[in-house]
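Next, two complexes with chain A in common: one pairs it with chain B, the other with chain C.
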Partner chain A sequence: MNPENTLKQRKEINGNTLLLLITIVLFVVLYAGGCIAYSGKGFTNLQTFLNILISNAGLICVACGMTCVMLTGGIDISVGSLVALDCMLLAYGMGNWGIGAPAMCLIVLVVGLVFGFVQGFCVGYLQIQPFIVTMAGMFFARGMTAVISTDQLSITAETSQTFYDWANFRIYLPFGGVANRQGKIIMPYFRIGVVVAILILILIFLVLRYTKFGRSLYAVGGSEQSAAMMGLDVKKTKLKAYVLSSFLCSIGGICYCLNTQSASVAQASGLEMDAIASSVIGGTLLTGGVGNVIGSFFGVLINGTISSIVQTNGKLASAWPNILTAALLCFFIVLQSIFAFLKEKKK
Partner chain B sequence: MTKKKITQHPLFLPLVCVLLVLAVNVIYDISQGNGIFNFFITTIENGVLQGRLITILNRGSEVAILAIGMTLVVSASAGTDISVGSVMSLCASFCCMLVAGYGVSAVSSPEEFSMPLIVGILGALLMGCLCGAFNGTLVAYLNIQPMVATLILWSAARAIGLLLCNNLIVYVRVPEYGIFGGYIGFLPTPILIAAVCILAVSLVLKKTAMGMYIQSVGINKKASRIAGLNSRRIIFICYLLCGLCAGIAGLVNSSRITSADSNNIGLNMELDAILAVALGGNSLGGGKFNLAGSIIGAYTIQAITTTMYNLGISSAVTPVFKAVVVIVIVAIQAPPVRIWFQKLRAQNHKEVARV
Partner chain C sequence: MEGNVVLTMRGICMTFPGVKALDHVDFTLRKGEIHALMGENGAGKSTLIKCLTGINDFEAGEIHVDGIQGTVKNHSTLDAQNVGISTVYQEVNLCPNLSVAENLYIGREPMTPFHTIDRKAMMRKAAELTQRLDIKVDVAQNLENYSLAIQQMIAIARAVDMDCKVLILDEPTSSLDDSEVEKLFKLMTMLRSKGVGIVFVTHFLEQVYAVCDRITVLRNGTLVGEYPIADLPRVKLVAAMMGKDFDDLADIKPEGSQDFSNASMVIEAKGLSHKGTIKPFDLNIRKGEVIGLTGLLGSGRTELARAIYGADKSQTGTLRVKDQEVKINQPIDAMNLGMGLLPDDRKAEGIIGDLSVRENIILAMQAKRGMFRQISRAQQEKIADEYIRLLQIKTATRETPIKQLSGGNQQKAILGRWLATDPDFLILDEPTRGIDIGTKTEIQKLILKLAGEGKSIMFISSEIEEMLRTCNRMAVLRDGAKVGEIDGDLSQERVMAAIAGGASE
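Moving on to the complex of A and B:
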């Protein structure tokens, strides 16, 4: 092997991992900044970090699915509405139909699969633009939520004891306890949703890296034509990607519901934006073919840190996290486009 | 053969949709025991035009105005601008903030604008252009997929509007502000504004080569550039115009309620605008466009919405129907389905030949 070739290879790898590196550095800087600015308000506690995980467990699952779809060069903006539909199904199903929590979770997962299948069929086999399909899906899911109920429902112990127990189950860490005002030491804890989210994250990471399906996602995103020439079934791969996205979104919906324990039509609006922003911030290219769920995980953490800082400050308007996330998304999209431009110039 | 020619006319699909909606209305009227032509009755009450047809024309103005910009954007860049609803909200908030003197002071001097009305209007239109320019820069000069580029403002514009208004609904208590959503003489003003916009744009497209340029850029960006067109600038102008249209629509919408309700102005409007373009027989893949079709599409959508209210269906449920309509229309246009139809037709021909 001549040295020029290896140098080129290393450079290419650097270009792709640079975005991920920027993301991790950004997260550390943001969190450290928060710690310094709000150390008096308990930002330095381990619990603050765990709280970010707890409140974003659903988003982690959704972002994993989003990353898979974006790897194929598509996008799925129906996720926020699908989460709302899942929550509404859970709350209404357990409260009014009297179905048990495990069965209801199963129904929600099946709904996710069917939803993903229809979207994937439209994108893969009918070759409609992913954005149009998933936008229709977004309005469809939001409308269906309203069809089920337009009320604000909450899940209490009376609705379903099992679900209530799941939602309030705490897993304590054996270290890092902080004394509260009464002098009692409280150990930091996390909830079931976090466990599910982390498991999903590891699973998708392994799938993307080591399975045939995972590699074909990258291949389709890199170049559809080349993938087809290699003998991959592009349509089927796309279909699978959307089914996976909606399925993970349903799991995310259950995690989300475990955290909020409520359901309403306006719930999780803007979640799709957070998921897309997380993936893009984490280094997933919008054109497809490049990306990693680990990056998306850090993207979610950055998102969570921003809203956590805004909440801790207490004086900033609630619109700020939205604006900041959009600004970050804009920054990273422009960065990606500059990278792509430089790459083309080199050729 | 003549039959085929009718179905292939660009305005065939939108007109069929209009007829369908009208038929539903007439059937509903008959089933309710009203007159057959109840739907079409237009009267003058209190000096202004009244009637269901007028309501549809009036309420459909915003969608029609948005559809103009959206048609150009779809044609030139083969993508849609999904930020229009949010931009509407932002423009409305900005205008009300200017006119009401930053919110609270409007209460202390309810009789006067704190700034001349024209400043507020120009501010709103400028804000629309600014948003359009932002989208246009991202799409045309940085080569970002249109929908992803506009996704930024889709989320941010509404939030910025909320921030401008301090999370409040800003009321403008001067009656003159309501004129854009009210009446001039006996005609509803929104209809006039929409008509002026449509006329202006169609004149520009007819009298200059702009329409042809947009289509050629949409059909093949590279070839147009080689032929000497500045493709990037043309795409940029389309987005700018789309932003301007969103500004006008936002102004009309906020004038209707003489306030800026950032959370609700232009909500789900982007779907309506895209649906209007698709219903008008335009391909969402860019290229040739038909402005008249889009406009008819826009009013058809408003007719569908009004009909649904009429039938007593909740407003929260209407997105379900619209989403299904979008998917069906786009699926009919999809290449694999078209090929399948062609094969079917060819088979029929063969069978006829055999007989």
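Moving on to the complex of A and C:
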């Protein structure tokens, strides 16, 4: 074996990788626990897992963007409202303005880019606190949603046949079929949103690892001053991070809308917190510089699994997922600080 | 203009609010020379360098770089790098959360044909580079796993690898120990022979004479002159920097060795230790004594002081303060026993940058009294003014945020903070690091004055000379353990021998 490989292997066992491993193990344990406890209620079906992916496809995209922003040491709390605005634009645009589904999706993506550009400009070039900037963005997007319509809109085949077809399109797996009550074998399936989310996840993973922009995000989060001294354009990097976040959020918004097929002012409220929680559980530090999207992906899955378990149980109050998420967040934050403490001590 | 000139700066002017930082300064750098840029704190060295590297926007003057038509005006570090000017700063400007290899190559990573980073090639190149410069690191490890000294070497390696024409080293040696300085000098001479022009900013006079070819001296933002090293012996250099002949430092200590055997005991440490940083040690300190802690960087000097002070809780042993056995769990306990500690990391552990000079001075005193017994504003002002006057702190007003002061004046203010608590035992960890020679002398004199008033002082410094000038006794540390004490006739040779090991035990 050449020396390069041995070097790499030693690097794998650092605190951050360990955190990611713990996240993955926790997901596996949670899911296995669900399977054992609720095997009679169909939790063991492959479809249960795929449903978690289907209902969280939007959140996966949003969390990827959130992770990128958090890597720079920033935060983007506008994403939940932006998803609501995206859904409203889609529903109202297709239903009332008569614009086709592909054109409307394009409009939503452009809105995301512009939205991100304004926020990124404020954070990067005007050097305003990201919390304040994106809070303004949050109110603005939620407000604009209400300006478009305060009604509860649903997207039906009449609204847009194309969108309706996308939303109901099933991609079947060739294995793992289960017989239903009538004895008909139903193959497990997933939807378009899942494909989009997984592609985004892989893309962002590669961007973070193998591109100059991706590494700049880590550098800026590690030390802004150093990044500038090493000749990186900190302002531009931050701008790009927020543009990316809002853009991914708009893609996530479309995925979200494909799943819910509805729009309302109150939609996706608190989604930004789910995204942040997923990133943190996945090992992203709020201070920046550490984390990756694979962790955030498992963070989303853990959240989804908890909701799924509570739903399957059927007797637990709907507040339980929140309480469990809170407990998990505490667990991971304490774990992170223990690792940081150990590292400091080793020095 | 001479043919071998690589960089000229002419008539550089720069104003900060209320201060003329640079006033028509000229600077010339030739190929293959190491050029020392000297001056006291606030003389304008850093400002001049920042004008060159594009961090400061100078108002007047021009810069020419060899091989580039017309004048050069950099607007960012990146611009400077593109014209062949690389800088290594006093504080390590790298990202601790990235690998060594990435820190070496970020911003200019080797790319694959698909416009992605070629991580393998980056690792390989980084390993080659560190090997060539004799830096022993695993390039795949995160930078935060290495000592400050290694991080500094990596920063230099990064600059060196950029094929720079001009390499600026801004106080690169202040966190390195002697053997590392040696390595750095080797590297500098190697680069010199390759034709790189090196600007070397340092406070260590010995280092200037060890490697430099030429010296440019600044004072109060103006150019004093440029001299070949042979024409400017030490005393003249100091005179040029200060604008006056400095008083002979050797004379500040009272004649003859003092006898402290009858003085009362202030600190008696027996078997104190802190796991992983300092092995069990015994140490006695008497009233009015100045005890020096010496040893190489990382030998446990700071750690010993922290163990006594309770900044790192001691796991073993006993501590007696003024004949009373005490238990110190945290710094406030030590403060209440009349101790004070001036930490070595002024920026992180000393000053609170956004608070005023007054608030910084009053801080320890207030902490000792507790937060409910606030010192009245009038009294605060009186105390602050007293120490500003006593220590000759150069500040616009007592309400100026301390971060606007020069390093030496910040240090004096922090010293004032501890003096205000009227301690019996004061630990000064590197109180003179990174500050100019005039202030250094003042602080050394102050130490002796305090000792004369019956206070006991523990003095930690990397400069043996200044310890010889001030200490009555020295404790020697090596590899995290106290290995001996030297008293009576203190000489450089004896101390060096003790640090190196083998003698004086």
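Keep in mind that, in the parts below, the second predicted complex is superposed on the first by the 331 of 347 C-alpha atoms of A that agree within 3 Å, B and C clash if a C-alpha of one lies under 4 Å from a C-alpha of the other, contacts with A are read in each partner's own complex, and residues count from 1 in each chain.
Simple rule for what comes next: a contact is a pair of C-beta atoms (placed from the backbone, for glycine too) under 8 Å apart; a residue touches a chain by one contact, two chains touch by 3 or more.
Predicted model, so just to flag it, every value in this text is computed and none were measured.
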First (chain B), second (chain C), both or neither touched by A:135: first
Contacts of A:127 with chain B and chain C, given as first, second, both or neither: first
Chain B versus chain C as contact partner of A:265, first or second or both or neither: first
Chain B versus chain C as contact partner of A:298, first or second or both or neither: neither
First, second, both or neither for A:211, with chain B first and chain C second: second
First (chain B), second (chain C), both or neither touched by A:327: first
First (chain B), second (chain C), both or neither touched by A:190: neither
Which superposed partner A:166 touches (first chain B, second chain C, both, neither): neither
More chain A residues in contact [chain B versus chain C]: B
Partner chain(s) touched by A:225 [first = chain B, second = chain C, both, neither]: second
Complex contacts: residues of chain A adjacent to chain B: 75, 77, 122, 125-129, 131-133, 135-140, 142-144, 146-147, 150, 265, 270, 273, 276, 286-287, 317-320, 322-323, 325-327, 329-330, 333-334, 337, 340-341
List of chain B residues in touch with chain A within their complex: 79-80, 82, 138, 142-145, 147-149, 151-156, 158-160, 162-163, 166-167, 268, 271, 274, 284-285, 314, 316-324, 326-327, 330-331, 334-337
Sites on chain A touched by chain C in the complex: 4, 7-8, 10-11, 14, 206, 209-212, 215-216, 218-219, 221-223, 225-233, 289-290, 343, 345, 347
List of chain C residues in touch with chain A within their complex: 76-78, 81, 87, 89, 92-99, 102-103, 106-109, 115-117, 119-120, 123-124, 127, 138-142, 144-145, 158, 276
